[in-house]
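Here is the structure we will look at, set down as structure tokens.
The first chain written gets the first letter, and so on, giving A, B, C, D and E; residue counts start at 1 in each chain.
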């Protein structure tokens, strides 16, 4: 299969500071879900922005298809637009919004549990609701590549697990490639075809998750995969006593 | 023991919208840690803001001590102040900053893994780093009551578990009362003396966590407590297949 | 040192320009110091400013044109003219030679420029039109600003009202061949007067007389030594950087400072009869509402004592 | 409540002024009492003397404001988008502002004639600067994360401008409009000082020449009223434009 | 690069102007050629004729700007903090702006005398409005979550103002300062038109009276230079004040 995203030997430094990304390598095959985990400040967001083309690498080389959906770590909604218009923003920048688009936006919101809030302004939403709106915005154009920076961090366990399920379904259906930054190891294992552990600005280890779908969180292989990731992150010394 | 926070029969409605908090009751004893869990949009942030006095209840009655530290769901740092000055902001609003305060700020940052970043501006930090700065800001004055709105949501598992441990130590030492909103059930069980499940703007159920400290996440009683909370949240039907 | 000088303030209608050199050279010539006066000049933009400053007590004496003085009296202000600075009418109307305008009646239907709706140029234009049996409505009056010859050169107006000095300077700046209609030919009357408040006149006659004497001496000096005055103006007048221009202006002002009457009775003597004629003419033109009895509002006693 | 307060303040000021004039017997030429001014105002309005002048000034105000705001806004946008252009043109813009229009007015007449247009040009020239500066600043204040969002969405430069920078800079831009509208009236009146036979500015000068200070104050009152009207209209426009930022439901 | 561009543009403009004057044989009275203006400028500077006037205007500019900015800023702060005050005073502020200072200047003289002070007052009065409006707007644009933060921290009103609203409104306020500085120079010059024996404004009037257009243009050039200087100084101040927002290390 072809690669939807290739990051090769990439370095990035914010001018005047120590390097943030150094010798990063990552390949994501089309249709795969790759989860990035790693400690806070290790360079996940920077890597994602490099992948999206928002930052230009100092060295190395990045390849990706034209259209990508992006969810920022913070929701970044436009406060003068209603929720539904925020969701439709990517469409309206490309072409006239049709009633079909409107329908799809409404349906996406419905799916994300925000059906009743379509006519609100972002300031009238809770934190988790805002982050879901920004997810809907990333999905509206059905991009071939999704770059998601902790999209579910502000969500409760139920919503989160529902959305993990929905996201996987959606991507499987449409063959979407996903790079998914998360701090939740179970989430990474549930969603990912691969889990890449980022450390000090490079992908330190990649763990393939070869569990059949649907994955049962309570199953033993699932727990084993989680342990594997935790070990890779040097997490399995139980938290200091 | 006396109550550090009492919320009694409180209602709150954003004008023009359906009620958000309705008949909420919560008592937190001094020195206790109370975790709030609940679905996104159920009213946790609103409840916390009511507790902090940022919103005035339409009905009911709220009691709390004078000084409270607050961590907002979004970091809310001042972009024209360096990290250390952001941390010292609460001090500088009360009195002249002494070298002792500076020391303490530096030490707090150290403890939160941000020692090297004290002289940066917020825009130069990663998401998780920013949220830790705002935590340091809430802690700098050693308030008797801490109101924390998902302070660890943007943190990786290791940092998170370290900070959970540190936070508990700190609060135990100083007898700090904590109301802690989180979406992570394990976090709630690890930290909380009680876990309050919020639903539709009221505390639907309170679960006392009577595990001895230090709590081992891998222990069976811990898992059982988690299950108990999951059940209270109607979470234990495994995510839809 | 002798006794301290009395402060004395003149309110002008202009900035301290070459035309008013007699008021600017005290430091060099000491005409006013000799009378025990410390002279101060406050500027204005038009005679109305000068009158206003005197009425408000900001200055002791106003350097005002006759029309403005009469209009203020007409409005009921208690004022008195005490010295005729320029007994000659200095206003004129200028047209390009090619326009064929040579007399007031030629102005009918033409576009005529004035400095501003508030200026003496406009009032004197009216006087001129009246001579030809015309009213202001028979010409198109156009406000041009002080750079009034520029639109004339550009053909945006057919004629423009000006003063003798303005015309002289204009000629120097390349105005070229022009026809000049002098208002003085039709209404020979005073252009500018020193004006004071009635109460000041009543209470400070001696002080005023000292000032008038000093001014008369200064004016006489300027008439006698125009070259020296032109030279001093380069230093004292705000617009006096070119001594040749200064000299031309000073000569014109010297000419307008004297008349048959002043040659007989001394500089500054007010010609009550001609001023009365002017007042009557202004009344006819509607510039004044009431008949002004000039005798009541001029004072001749201050000068006669000198 | 505050309208009432404002009104009471006005009445107090007027009474104080009237009393001052009577007690100190201030000459009318220096400062006419409000009653005299009111009489003059009423006379002018009732006789219809003021109306053509009001119309002339209002026309210049409207045209000048529209032209000036359009110019200031467009230049501000261009300069915000192209820093090079800013460095290139800003010196000229500053010069165009500090050079007193009053001194140049005679030349404007040479260039634009004696008609309304020369005064519209002056008005536009005076009022475009605040809008330029505010637009420039407001457009540059957009958060970097929003710019990143629009880059990601493949928005064109024009789209980023129209759909992101303008809406988020709107409050600052509108502050510039408020200043511009007020300055525009000053511009129109000053233009009339120099080169007009009609308009409130011309009336001011004419009344000064006639020593008719009550009339001058009456005209100043009319100018003030026109200014208030224009300012209130701007506030209404602003409230409407900012609705999406303030609406609660 | 852009300084160069700006300079090249200047040279082109001057050459075009000079050529135009020569080819069409424009009378000096209508539009003097740059060479003539330059000669007049050089003569005035070399002979020392200009210096006292430049000094007078610069002094008024500095004092007026300081006073006007202080006044505008303080009024803006007060009005932003007390909406009632805004509704009470704004009508008067607008009136103070739209009423032409040129018409009132004679009255200012009566109140403040013929010294520098009357012109400083006019300057301040002209330049305080943009700062007022921008301060007003900028202070009201602070994000609600920051206000909540300061409420939680028990910050007093003054602290919230000084430590939160001012810093975050700084860019908008500084845009107002830029406009104010430029207007201040206009104010100083216009004030001098009426009531000054000295200063560049007085010189403009004198040169007009003398039909000395080259001198007038030379003085206008001086005014423009003074304006550029003041504007550049403001830009430097701004760059320094905004350092915390732009610094990368």
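Rule of thumb we're sticking to: a residue touches a chain if its C-beta (ideal position, glycine included) is under 8 Å from a C-beta of that chain, and two chains touch if they have at least 3 such contacts.
As the structure is a computational prediction, the values presented were derived from the model and not from experiment.
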Note: chains that touch chain D and chain E both are A, B, C
Farthest from chain B by Cα centre, which chain is it? Let me know. C
Taking each chain's centre as the mean of its Cα atoms, which chain lies farthest from chain A? C
What pair of chains is linked by the most C-beta contacts? D-E
Could you grab the centroid distance between chain A and chain E? Build each centroid from C-alpha atoms only and quote it in angstrom. 52
Rounded Å distance between chain A and chain B, as computed from the means of their C-alpha atoms: 26
For the pair chain B and chain C, the C-alpha centroid-to-centroid distance in angstrom is 85
Name the residues of chain A that each touch 2 or more other chains. 14, 17, 74, 124
What positions in chain E touch 2 or more of the other chains? 30, 110, 193, 208, 248
Chain C residues touching 2+ other chains are 52, 56, 145-147, 150, 154
Identify every two-chain combination in which the chains touch. A-B, A-D, A-E, B-D, B-E, C-D, C-E, D-E
Contact set on chain C toward chain D in their complex: 46, 48, 51-52, 55-56, 68, 71-72, 75-77, 116-119, 122, 141-147, 150-151, 154, 156
Would you tell me which residues of chain B are touching chain E in their complex? 49, 52-54, 67-68, 70, 72, 74, 76, 78-81, 89-90, 92-94, 121, 124
Chain A partner contacts - residues on chain B that touch it in the complex: 14, 17, 37-42, 45, 73-74, 113, 124-129, 132, 149-150, 153-162, 164-165, 183-185, 214, 216-218, 230, 233-235, 238-241
The answer for chain C against chain E in the complex is residues 14-17, 41-45, 49, 52-53, 56, 58, 145-147, 149-150, 153-154, 166, 169-170, 172-175, 238-239, 241, 245
Chain D residues touching chain A in their complex are 145-146, 148-155, 159, 163-164, 167-168, 244-245, 247-248
